[in-house]
Structures are given as structure tokens and as C-alpha cells.
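Both complexes shown next keep chain A, but they swap its partner, so chain B is in the first and chain C is in the second.
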Partner chain A sequence: MAMSQEELLRSPAVWQPRSPEEAASMKTAFGPDAVYAAGSTLLRTQWEAGTATMPRHLIDLGRVAGLKGITEDGAETVIGPMTTLTECRTSERLAESAPILVEAVKAIAGWSVRNLATLGGNVVFRVGDSVPALIALNASLEWLEGSRRVRTSAEEWAAAPSSASRLLTSIRIPGGEAGARANAKRFCAYHKVGRREAFTPSLVTIAIQGTREEDGISSIRIAAGGGQTTPVRMTRAEELLLGGRPDANLLQAVYEAVLEQYEPKTDPFAADLYRKQTAANLVAAALWTQFRDSASKG
Partner chain B sequence: MLLTRESSGERWRIRPDGPGKVTGELAYLTDMAAPGMLHGMVLRSSYPHARIVAVSTEKAKTMPGVRAVLTCADVPGLNRFGIAHPDHPVFCEDRVRFIGDAIAAVAADTALQAAEALKRIEVEYEPLPIVDDPEAALLEGAPQLHEQGNVQHRNDYRHGDPEAGFAACAHIVEETYATPRQMHTYMETEGGLFIPERNGRLTVYSPTQHAFMDRMQLARILDRPEADIRVVSSPIGGSFGGKDELNVQPYGALLALATGKPVKLHNSRWESVRAGLKRHPMKIRMKTGTDAGGKLLAHRVSIVSDAGPYSTLSAEVLNFSVEHALGPYRFGAAEVKSVCVFTNNGMSGEFRGFGGNQAVFAMEGQLDRLAEKLGMDPWELRRINLRKPDDPGPLGQPISATDGVRQVWEALGESRLWRERERARSANAGRRAEVGAGAKEADATSTGGGPAAVEPPPWIKTGYGAAFVMHGAGLGVGIPDPAGGRLRLAQDGRIEAVFGYEEFGQGLIASLEQMLIEQYGFAADDLRIVIGDSDVVPNSGSSTASRSTSMMWQSLRRLRAPFKGKLRAEAARLLGRPAESVKPLAGGVRDAGTGELLLTYAELASRAEEEIAAETSFFYPTSPVDRVGSHFMYSYSSVAVKAEVNTLTGRVRLLDQFHAVAAGPVVNPQGYLGQIEGGSGMALGFTITEDAVMDRGVYLTRNLDTYLVPTIAELRGACEVLPIEELPEGDEHGPRGIGELGSVGLAPAIAQAIFEAVGKRVAKLPVDPQLLQERVGFG
Partner chain C sequence: MIDNTWTERTAGARLECEVNGRPVSLDVAPSARLLTVLREELGLTGTKRSCEIGRCGACMVMVDGKPINSCLTMAYQVSGSRITTIEGLASEAELHPVQQCFLEEGGYQCGYCTPGMIVSVTAMLEHNPNPTMEEIEEAMSGNLCRCTGYGGILRSIARAIETGGQSNDCR
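Right after this comes the complex of A and B.
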């Protein structure tokens, strides 16, 4: 009993590695007794709610070199995972290259939280509101796994996170679809629906990015998530849309496809059917807004 | 004229407690600390309903830093509390009835030690069947929560012959309305500092709406004379009715006396949700009928209210609901049956609006549904049935007569928002006539309050709604409702206004100061407001039921002649001048003719032969009937809103609102506007986001990340407030209460706006988006 009392009174040891390698080796050494800490905004709500216990070791990533900032690498936009949500929100580069990510970040928590919380933290949460946007953007994630660098797509990672211990080292957003013609126009949409207008957990989040050309949609990625539902691509709707023009009939089919494919997790605050219908409505309405002229002619 | 900062001119004052609150400099009572103070915590039940087989505190007592572990065996006096019906155990003896029930309390050197000690208290429970549905609780064979059974209170009312009335009706609507378990969500959670003094007295620094009631209840629990307890009760970080009843005070007081040391308790938000009061969830069935012309012939109401496990003010809230389920309308015949039921759900209790919010949501919903059947404008249907100034009150009782009903009814029709509705309706009618002719949408119908008239997408639907509120103030017939106050010239030359009311953010201090400046001619610097300390203030009754400002106004009116007379007489004597030639005004006593300062208040205080003071005490006016709880003074309000439904998501946004309020003179413009706007924000939560969801007696919304109060994003759009100050000639009652009024009418107005927008009737709050969601179509 005395031991447990001491344990309770003991705050976790906080480690401040200077490189990703050092951070990863600490995590290897401490194993499950250690947790990486970025902005810690999610961790502290979990500790307070009792859904996670405070670990013995916190590995603070705040001093790790090279994990912060938004840069370019060829056509790719590279975001350090320790970049705060506020920094993402106000980045001109992101506003240009990934507007739906900026929209997503705006809709996460409140001002004070966004000043502390990081994009990397939201990504590794897996059900964070940035993840549908990153899937729609076809973003990839770079990790340090032991001493090995690993690259996965955001979509793959959301679908099946690695059981191995990994440290997220960068979030990469591709610039422009490969093979897209010069006259291809990008379109995109992001919508989050919660139980109130701001500072709210998501019930349904959808993100869309695509390109349109003269003869119709030349590329499209649609992601849906929200609440405890891991974001997934709405591949059936994408298939229907590819090469097509979203007229009223096509939008009805897209609605049906999302309704059928999206499988949300439920909670006491919204029914399964409501989430499905919301996702389907938001996707169809977002496309209608983009293709309003051709849709109303259809 | 609309009430704004600009229209108020110099009457718009910076409130004295404003800067400290905005900068965070002001210390609330729960910010206080004392040297050597201990930290108190309460062990609450693990089950919503269980028999307590055994409690062992032995292990907890041996934990490091633990100074006391108390249970029911350690309560010297009455092991119960409750303002009206003391049936809430301080510590449960053999049974727990909800998950907030207290079993033991610990005081330790640190909060962490206290928390750890709670885990070492061993309680053996035998779970009992859970009663979580008030209607099921009334069925034969339901587990009984108290010796008296599960019925906490019944209250029925009847006049005329409803059956005959319904038989004569041309139109009848029947609906069942349900309202949420709303949380007060004050920023400052319950807590306090409890100090055993050297002279044997106990000082309680803990927010409450009525220090003397807390003192009486604590004396009963501690088995000590009331005079041995001092309750310091203000400033308070919000209450809204939620801190009127005792919360942590019994535990702090018992622990402080047991240890002989100061003890601090301060609920976490989690504990506040678990143990604190909520608004009574009610299910209200109404059947209402009219003749072919819209005249109300019959009205039948049945109310089932969920009290939770203990009484507090549940009976009084139910009585208020009964009265307000009849409202400002005249019925040929009416019958109300109501019951408040004990359950193993969370505690329900006093909350701004006091049972009126639920009843008015239902009553106004009936009028809107009837208007649809009649093919009549809903506002016109109200006019046909509204009471006249000299008509009796809702329960047939005499009430103070004003023309408030007509005034707010007319004001709504003349409001910018309602005229916008009229234009939108005629534009819509015009467009329908021109279908196929390529008619463009009229600007007035498509603006969302913004300047640009962009045509909204097809899934955005807007509508307008309005509601009528007649809200009783004061505690009502049969409940002691004392009032009063004291003015004195203190030794340092300050004029002290001493009242037993509390400042919980409503602006009471500012209102009192403003009245003394405007009505007495004093300057702000002459004054010292003294409230919130049972050792010093007179018992002015509770700061509740929209009564404080009215009663301060009454008190000052009664004190004016005696107090100013004494100032004047003593100054005249000292100056050797006739009394008529001097006047107590700003800064001191002045020459009545020239205004020249003759004697400062400090000089007057130091030279006066005896203390200059005046005191008054009286009672809140009541109706001369014997029906308990019926009211004499009412405030009237009409509310219009414009709201938008997004049919993709079913979510509702409030775009614009207008409130006409007839409640006598505006004492303090800033406070008045704040009360209506603030009440409206609370009503918006009640309507669209707030519900403390319970499942089998356990809260699923345990913190503010799932219990969602409106944010600034919900509260966009205009909120116009039109005060109607005019009272009948000879009226002696002055300003009526407005503290609750703003929280009542918004919900039914939004429900009607939703109906206008999408044609669906909302009968359950908060609005379920799924009900309003539609499959998107682009045909």
C-alpha cells in the first residue's frame, strides 16, 4: 500500500531527447512504461477521464530537432509533426497546397488547445479530424521504426496502424496529381459536423479532393470519418464519379454508395443511421456545390 | 426604444465588480486559502441504488496525511438537508439512491492524500433494482425509494368542465412534450473554505444564494446555535439556482469542526456533474381545443417531473410548472394534473425559470399547433386568447394588474424581425404565384443576417417563430418571502447599503449602486455595498425567483425619507441651519439652493451625535389566496426568432432574435440586457445542445467535452431587447423581475421557426437533428 501511495505521488519522469533517434531509443528502452508527448492536450484529457493512466516516463518531443515547421521538398509539402495546429492554420503555404487541411485544423478543439496541440498528435490519434483531410490529400507519413525509416500512406496507416513502436517524423502532401493535364482544375471540400458549431467532437467528418477537366472528373479521393470511426476512403463513390459529370442522377448514386459503404461506430449521442445519412448528404452536397452548373442541368 | 449601450447614454455604467472579473484579479470564495488548511473530499456512491451493508474507514484513517474520516455516525445533528423538505442525507446510513450520494468524507494534508484515502474506504454494497424512469416508478410493483413511496409531490388544478369544453371544440391538438436534464454549468464549481475560529464559531466561505438558509441548515446538521455560524456567501462564479441548496457545505463544516483546522473543498467538474442539481426533466402531455374562431375552450395538462432521489425544491418547481402550463391565456375550462417522482437518476432542483421553461415550451407549442389547424397566424391566435389587465391570474388568483400582455404582444408585431417575416411571407406567396416565370428570390428571404443576399443552397431552410411568456416572480403564496435592507453612514464617511442578497454575476451590486446614485443623488465614491455575510447583513430573503432587484428598489423607496431625513437633520443641527436649506447629495450635504458643499460625509460621520442609519423589513407581495405558490407579480415577454435548418445534417442555427420585455422601469441597462441575452443563451442550450444524458442512473455526459453548452459560434446574430417600462398609474411595485424571463421563451419560438422552415414539429428537446435531416435531392 505504501508503495502505491508513493507511485501515485510520483509525477512521470520527463525526458527531452534532442533527435528522433534518441527519442526512439528511449521508447525502446522504457517500452510500455513510456509515452511520447507532443502537445499533450489529448493525453491530459485521457488522464483526467481515467481512460489512460499517467505513464512512468513521458518522452517530450518538443526539443527534438527537425520535427517542426512546414517546408517544401520538390513538389511535396512537408509538415513536421510537432507543428502546432495554429501554425498549420495560419500557414500560407498550406492554404495554397492543402486548403482542406487548413479547414480541418480550424475545426479542431478551441483556440487555446490549437496553440498547444500538434498536427502529429492529431494524426497518431487516428480518429483526429485532420486524418480524413490527409487521406483525401493522399498524404504520406514518414516514421522512424527502430533505426529504420518507414513511409506509409495516411490511408494505409488509418486502416491498419503498425503494432511496432514508431515515431512520426514527417507528414508529406503531394503536389498535384501525377499525369494530370495542365488544364485540370483542383476542387476540394471539408465538412465536420458535431453536436455544436465549435469546440466539439466530430460526429461526421468528410473530406474530398479531386481534379476536373473538360470531359469530367479526372481524379477524386473521398474520405469519411468522425467520432470513434477510423476515417476510410469512400471508394465506391469515387469509382462512380471518376470520368463522370456529377448531375442529379450521378449524385443520387454517389449518395447511395456512401450510405452503403460508410460504417460508423456509434455512441449514445447519435444513431448509426444519422451518421451514414450525414456522410452521404455531405458528400453529395459538396459535389453539387462544386459542379452546380452541370448538376442543375442534369 | 431598443436597449443598447448607445441608447442608454450615461445610464450605461461600468459595473463595480467588472474589472476584477474581466482581469481575473477578483478572488472568488473557492480561490481562498488559509494557513494550515486541510483538503476535504467526499466519497460518493458507486451505484445508483444499493443497500449499504458495511462501511469501514479504518484503513483510510491510517493513510499518510489523513486527519479525519467521517460517516453518518459523525453527524451531531440532523443527518439531512433540503431547503423545503430535508430528506437528503448528509451521509447515507443504509442505502444509496443516486450516484452522487455521499457515504463518507475525508480531510487530509493534501488533495492527493485525500483522494488516495477515499480509495481505502471500504463500502460493501448490495445493488438494488434501479428506478430510472419516472413513469415506470409510478407503476404498481416498482421498487419504492422512500417510505412515502415514489411520489414526491402532486398538484392538481381544475376550473370549469373540460369534458364539456372539448365536446364543443372545433379543433383539438394533443401532444407530449419532453425537456432535457439541463445543467447550470456555472463557471465556478461548488466549493468553499471552512474555518473553525478560536472563539468556537465556524466561518463558512461558500457560495450560496441565501446565506441565512445555509446557516439554518448547517446549524441543524451541526446541532449548534445559528449564531455560532457565520456564512460568507459572495462573490459567486455563477449559480442560476444551482447553488441555492447546500452542496459541499455540510462536509466542509463537519470536517473543519472534527479536525479543528481550516478545510477546503472544491468540486472538480466531474464531481459537480455527478452530485450537482439539474433542471427537472419533464414529460408534459397537453390536449387543447378551440372553437371554429380560435377561442380556447378546453385545456388538459398532465405533467410528470423527474425529481431524482431527494426533494430539495422539486415540489415548488412543480407548482410553478402547473401555474405556467396555463400561462397568460383564458380557457373556458382547464385541468392540470401533475406529479413529481423520486428516481435513482441525478438530483433535480432549482434552475433559472423554475419549471416555467418546460411548461411554456409545451403551452406555446399547443398554440402554434392549433393555429396551423385553424389556418390562422399563430400570433393572432394568441391575441384572441390573451388575458386582459384585470383578469385573474393563471390559477384564478388576484394579481398585480399591468398592461404588459398587450404591450409585448403589440411590440412583437412592430419589431424589425417580425416585419421581415411579413415581407418574407408575402415574397414567398408572390414567388409561388410566379412559379415557372423565373422569379428571382427576394432579398429579404435569403439573408442570414449578413449584408450580402446570396441565394442559399437548397438544403438551408429558414423560418420564423414567436412565443409569449408570463413569468411569476417571488416565492408565491405560503412560502416565507422576507425582504429588506439597511442604510447607514459608516464611521469613515461611506454610505453603506447593507443587503442580504448575493452577487453571482447578475449585476446586483451594480444595480444597487445605480439606484443609490440615480434615486438618492449620491456619488459612486460615497458608497460601500455590503452583501454576502450573515454576520453583517439583514435577512433580505433569498436571491432567487427574480426578486432581488424588485426588493432592493422597494427597500430603497421605503428608506429614502427616513435615511435622507436623518442625514439632513443631523447636518442642519451641526451647521446651525434650517433643515430645508440643506440636502444630502453627491460628496456630502450641500446647500439646497446653490449646491455648495457644506459638510462631507466623513465630517458628518465623525461629528454626528449618534449613528445615522435606517432599516426596513417587509415581505414580497403575495396574492390574497391560499393556493400555495401562486404568484402576485408577473413579468411579460414576447420573443421572436429567425432560425435556419440545414437539412443535410438536421442541425439548427439561431440567426436573429427579438425580445420585448414588460417588467417596469429599467434599473440598470447593462444588467437588464445581460439578463435577457444571458437567459436567451441558456435557453438556446436547452433547445439545441444541452442534455445531461443518463443511462440506468449513471451520467454519460460526465464533463464539458460531452455536455455541450452553446459557444459564441451558436450565439451569433442580433439579439434585440425592447424594454417596456410603462406601468399603470399608481403602481407601487416598481421594477418586476427579469432574471429568469429571458431563459423561457426562446425554445418554443425556435420550435415554431423550425416548423415554418421544414414543416416538422419538435416536441422533444434538445432538438434531435435526425428528425430534421432529409435526403439531399437535386431534381
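Right after this comes the complex of A and C.
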């Protein structure tokens, strides 16, 4: 059946570059008329909802070499942004090096959407549920900005995304903490609360990654996000915990620090106080679970 | 470098893929939804249109053996792929075993979600013939049913697992 002229006129032109440099040069040439397309699941829902209009040009990243797969580079785990969420979910390498990222991905949409959607797309969304996990993991992001390679932390990206047009080229998760002693034990947690048990947009997400040694917590990163809230580090809670052994008093202080620092965006489904209390409870409960022996003695 | 002309746009608009074992070649807009292509260009109306945001699973199809929401998928994304719709599961003579289990265990009521449910169950069992309840819940979380309360669907899945959803012994 022939395509109607009207359908053709409505449809964006789809370009399929073969290299990051070619993709970036297309974006430079088309400017705001072009949008990079990965799995496109978010783009499609935005077009359906009318929150974004279809662009004149789609730059499909599906055929760009080197943007897919999970590899190692020294101590770093390197994830290509075009790696699907299902591939992240089922990766043994990520299960070992970044279990909170696997937990985060598992809670994003459903299996069928994860077969299309990519980790890069979720990161570039900025409020994607993988971002708190990447901040807690101290992940860094590599971008192609014109012909220049740029590296930022996931935390910097969430706090202040560049206004320049950039193409995400890799997501890098560091190995062990620099300077951590051999007897340091890693602990981590990821929790998402939504309005349903599964396949639901988040109201609150929290991610924790740290190391503990005999004399207490030797490193810790806590991030909170969820809904349309840009994920941020809970630095005050981290400061309280560093070097300490969480007991009931310390966990109470951590609860209050998160309650104070976490500033969620509200929406018709949940008020900000509910979200703040939920985030604070999730962080305190996750730490209590990790340190319940010392916590019960406080 | 970029020849931004109507000729260039049209040149990339031919979709070549395989649908239910048969080669397909169509002139469609590259951004046309797979759901629209299947239903309106190929007449495969077993794939249902419902939420259109990837939430309900009524439009589920398999692309290269993986379940995907055809409402979220654009034509250019399935170029060269092997697509299986609900119409491609049964043989001419008999139902697919998963379909038979849904029929015998009352895994449907109005039936609108049923094609998507059956495609998802089939894909799940092809990847994992003996899923746990947790794995079933994860695999099926993208399919909604507003009639059954899911009891009959879970019975149907349990039966399909017991009898081997890949073989024809669910009868």
C-alpha cells in the first residue's frame, strides 16, 4: 500500500549515522529541528501526550558503532548508552559491579518497554530512575560536544545539564573506592516507591552505596530523586554517617537530615511532605537493614 | 554531507521485514508506528490498540523473539527484523499451546487484552520455561487486564508451565 502524501509530510526524516562524529555533525547541521533517538519510548509517549512535537528530523543512534554493550576498562565498568535496559537488567557484570543499577533498571517500566528503552535515554531524561543509582555509584558520563570529548559526573549532569548540544557516548562506573582497605565491605541499597507495586512512575527513589570497615563507615554516597524531582546527593546525611556506626540516634539524625535536604517536586498525586518523609524513611530503613546489629543497641 | 530533500526522505521509507514468517515490503513513513503498520497496512487486527503509551500491553508483539509494545515502536526500528503477532502463533490446524491453556483455564473475559497477554506469556516461556512467581510477575507487569482479576490468567500461565508452553501437549 502506498504511503499517503499527508503521512509523509507529517513524518520526520530519519537519519542513521554510523559514528558518533557523524551523528554530532548531523545535529549541528539540523540544530533544534533534529532530535537524537535511542529506544524512543519516551519520545513516543511525549508525542502522544502532546508534551513534545515530532521534530522534522530524527537522528537514530541505533546504528552508531561503539554505543552499545557493557565492557571493562581497567577498574571501570563501561556501559554504552544504547545498551537496552533489559541488557542492563540481565548483565552478570553489572550484577557484580553495580547491583543498585540493576535494581533501579528492574523497576523501570516493564520487560517489553525495557527491550526498547536504553540506559542512555533514561540518563538523558535526567529524572530517570537510573540516575540516583548512578549518582550513588559515582558514575561519570562521557559526551561528544561538537568535536570535543567531555566528561562529567552523573551528579554534575543532574545538577546542571549543559545547554550545549551533546551526544552521550559512555556511562562509566568506577571500581572499588580509591584508598579503601582490603577488609572494607561494600553495602548498597536502591528503593523506589510509586503508586503501584510494579510498572509505575516513581514518587520517590533513593540509592545508597558505601563501604564499611571495623571502625565504621569509610565511604558513603546517598542520592534521592523520583517523579519530576532532579536526583541530588544527600550530603548532610552522608557527613553524619561518615566514620560513624549507625545506631538509633544516628539514624534519627540521618532521617532528619534527609527530611531537610530533599526538596521534591510535588504533583497532584503526592504532596512534598509525603515524599520527604518517604525518602527519609527509606534511607533510614535501608541503613538500619545494613547495620541492624549496631542500630538495635543505640 | 546531508541531502535534505524529499527524494532522500522517501528513499528511506521502505520497510523490509518478516511478519509471521512471511517477507514484507511496504512503503510507510519511517516513523509510522508498528501498531499502525500491522493493523492498517497488513490487516493484522489481533494486535490491539489501547493505551498507546506502552502501558497496557494490548499491542504486544515479538520482535526477534522479544516482547515489545508495537505502539511505541517505529517502522524504521524493525527494519530487517522478524515480527510475530498473535496471528502467527497458531498453526492452521490448531491453537498454540498457550492459547489452548487460556481457553481451558478461563484466562480471559472480554478478550481485548488476551492477544497481548498470550504473546507475553509465549515470549516469557521461550526465554524461561520454568519461571518463578516473581519472574512471572516481572514478565507480565506490562500487561493489564481490567476484567478477570488475573486469577484465570495466572491459572492459565501455571497450566502452560506445567504442560510445557513450547509443545502441543496442553490439550
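Please note the rule applied: the second predicted complex is superposed on the first by the 289 of 298 C-alpha atoms of A that agree within 3 Å, B and C clash if a C-alpha of one lies under 4 Å from a C-alpha of the other, contacts with A are read in each partner's own complex, and residues count from 1 in each chain.
Operating definition for what follows: a residue touches a chain if its C-beta (ideal position, glycine included) is under 8 Å from a C-beta of that chain, and two chains touch if they have at least 3 such contacts.
Worth saying up front: this structure is predicted, and the values here are computed from it rather than measured.
Colleague: Applying the touch criterion given at the start, work out whether A:S165 contacts chain B, chain C, both or neither, answering first, second, both or neither.
Modeller: A:S165: touches no partner chain.
Colleague: By the touch definition at the top of the document, which applies to A:A49: first (chain B), second (chain C), both, or neither?
Modeller: Both: A:A49 reaches chain B and chain C.
Colleague: Which partner does A:T152 contact after superposing on A: first (chain B), second (chain C), both, neither?
Modeller: Neither partner.
Colleague: Which partner does A:W288 reach: the first (chain B), the second (chain C), both, or neither?
Modeller: So A:W288 only meets chain B here.
Colleague: Between chain B (first) and chain C (second), which, if any, makes contact with A:A248: first, second, both or neither?
Modeller: Touch status of A:A248: first partner only.
Colleague: Please indicate which partner A:S25 is in contact with in the superposed arrangement: first for chain B, second for chain C, both, or neither.
Modeller: second
Colleague: Between chain B (first) and chain C (second), which does A:Q277 come into contact with in this model arrangement: first, second, both, or neither?
Modeller: first
Colleague: Touch test for A:V113: chain B only (first), chain C only (second), both, or neither?
Modeller: A:V113 sits against chain C, while chain B stays out of touch.
Colleague: Now for A:T266: first (chain B), second (chain C), both, or neither, which partner does it touch?
Modeller: Once the two structures are laid over each other on A, A:T266 reaches no partner at all.
Colleague: On chain A, what residues does chain B touch that chain C touches as well?
Modeller: Touching chain B and chain C on chain A: residues 1, 8, 45, 48-49, 198-199.
Colleague: Using the touch definition up top, name the residues of chain A that touch chain C in the complex.
Modeller: 1-3, 7-8, 10-16, 25-26, 29-30, 40-41, 44-45, 48-49, 54, 58, 60, 62, 86, 106, 109-113, 115-116, 198-199
Colleague: Could you pull out which chain A residues touch chain B in their complex?
Modeller: For chain A paired with chain B, touching residues are 1, 5, 8-9, 45, 48-49, 193, 195-201, 204, 248, 251-252, 255, 268-271, 273-274, 277-278, 280-282, 284-285, 288-289, 295-296, 298.
Colleague: For chain C, which residues count as touching chain A in their complex?
Modeller: 1-2, 4, 6, 8-10, 12-13, 26-33, 41, 52-55, 57, 60, 63, 66-69, 71-74, 76-77, 120, 124, 137-139, 141-143
Colleague: What does chain B use to touch chain A in their complex?
Modeller: 59, 63-64, 112, 116, 120, 270, 457, 459, 647-651, 653, 688-689, 693, 695, 700, 702-703, 705-706, 708, 710-714, 769-770, 773, 775-779
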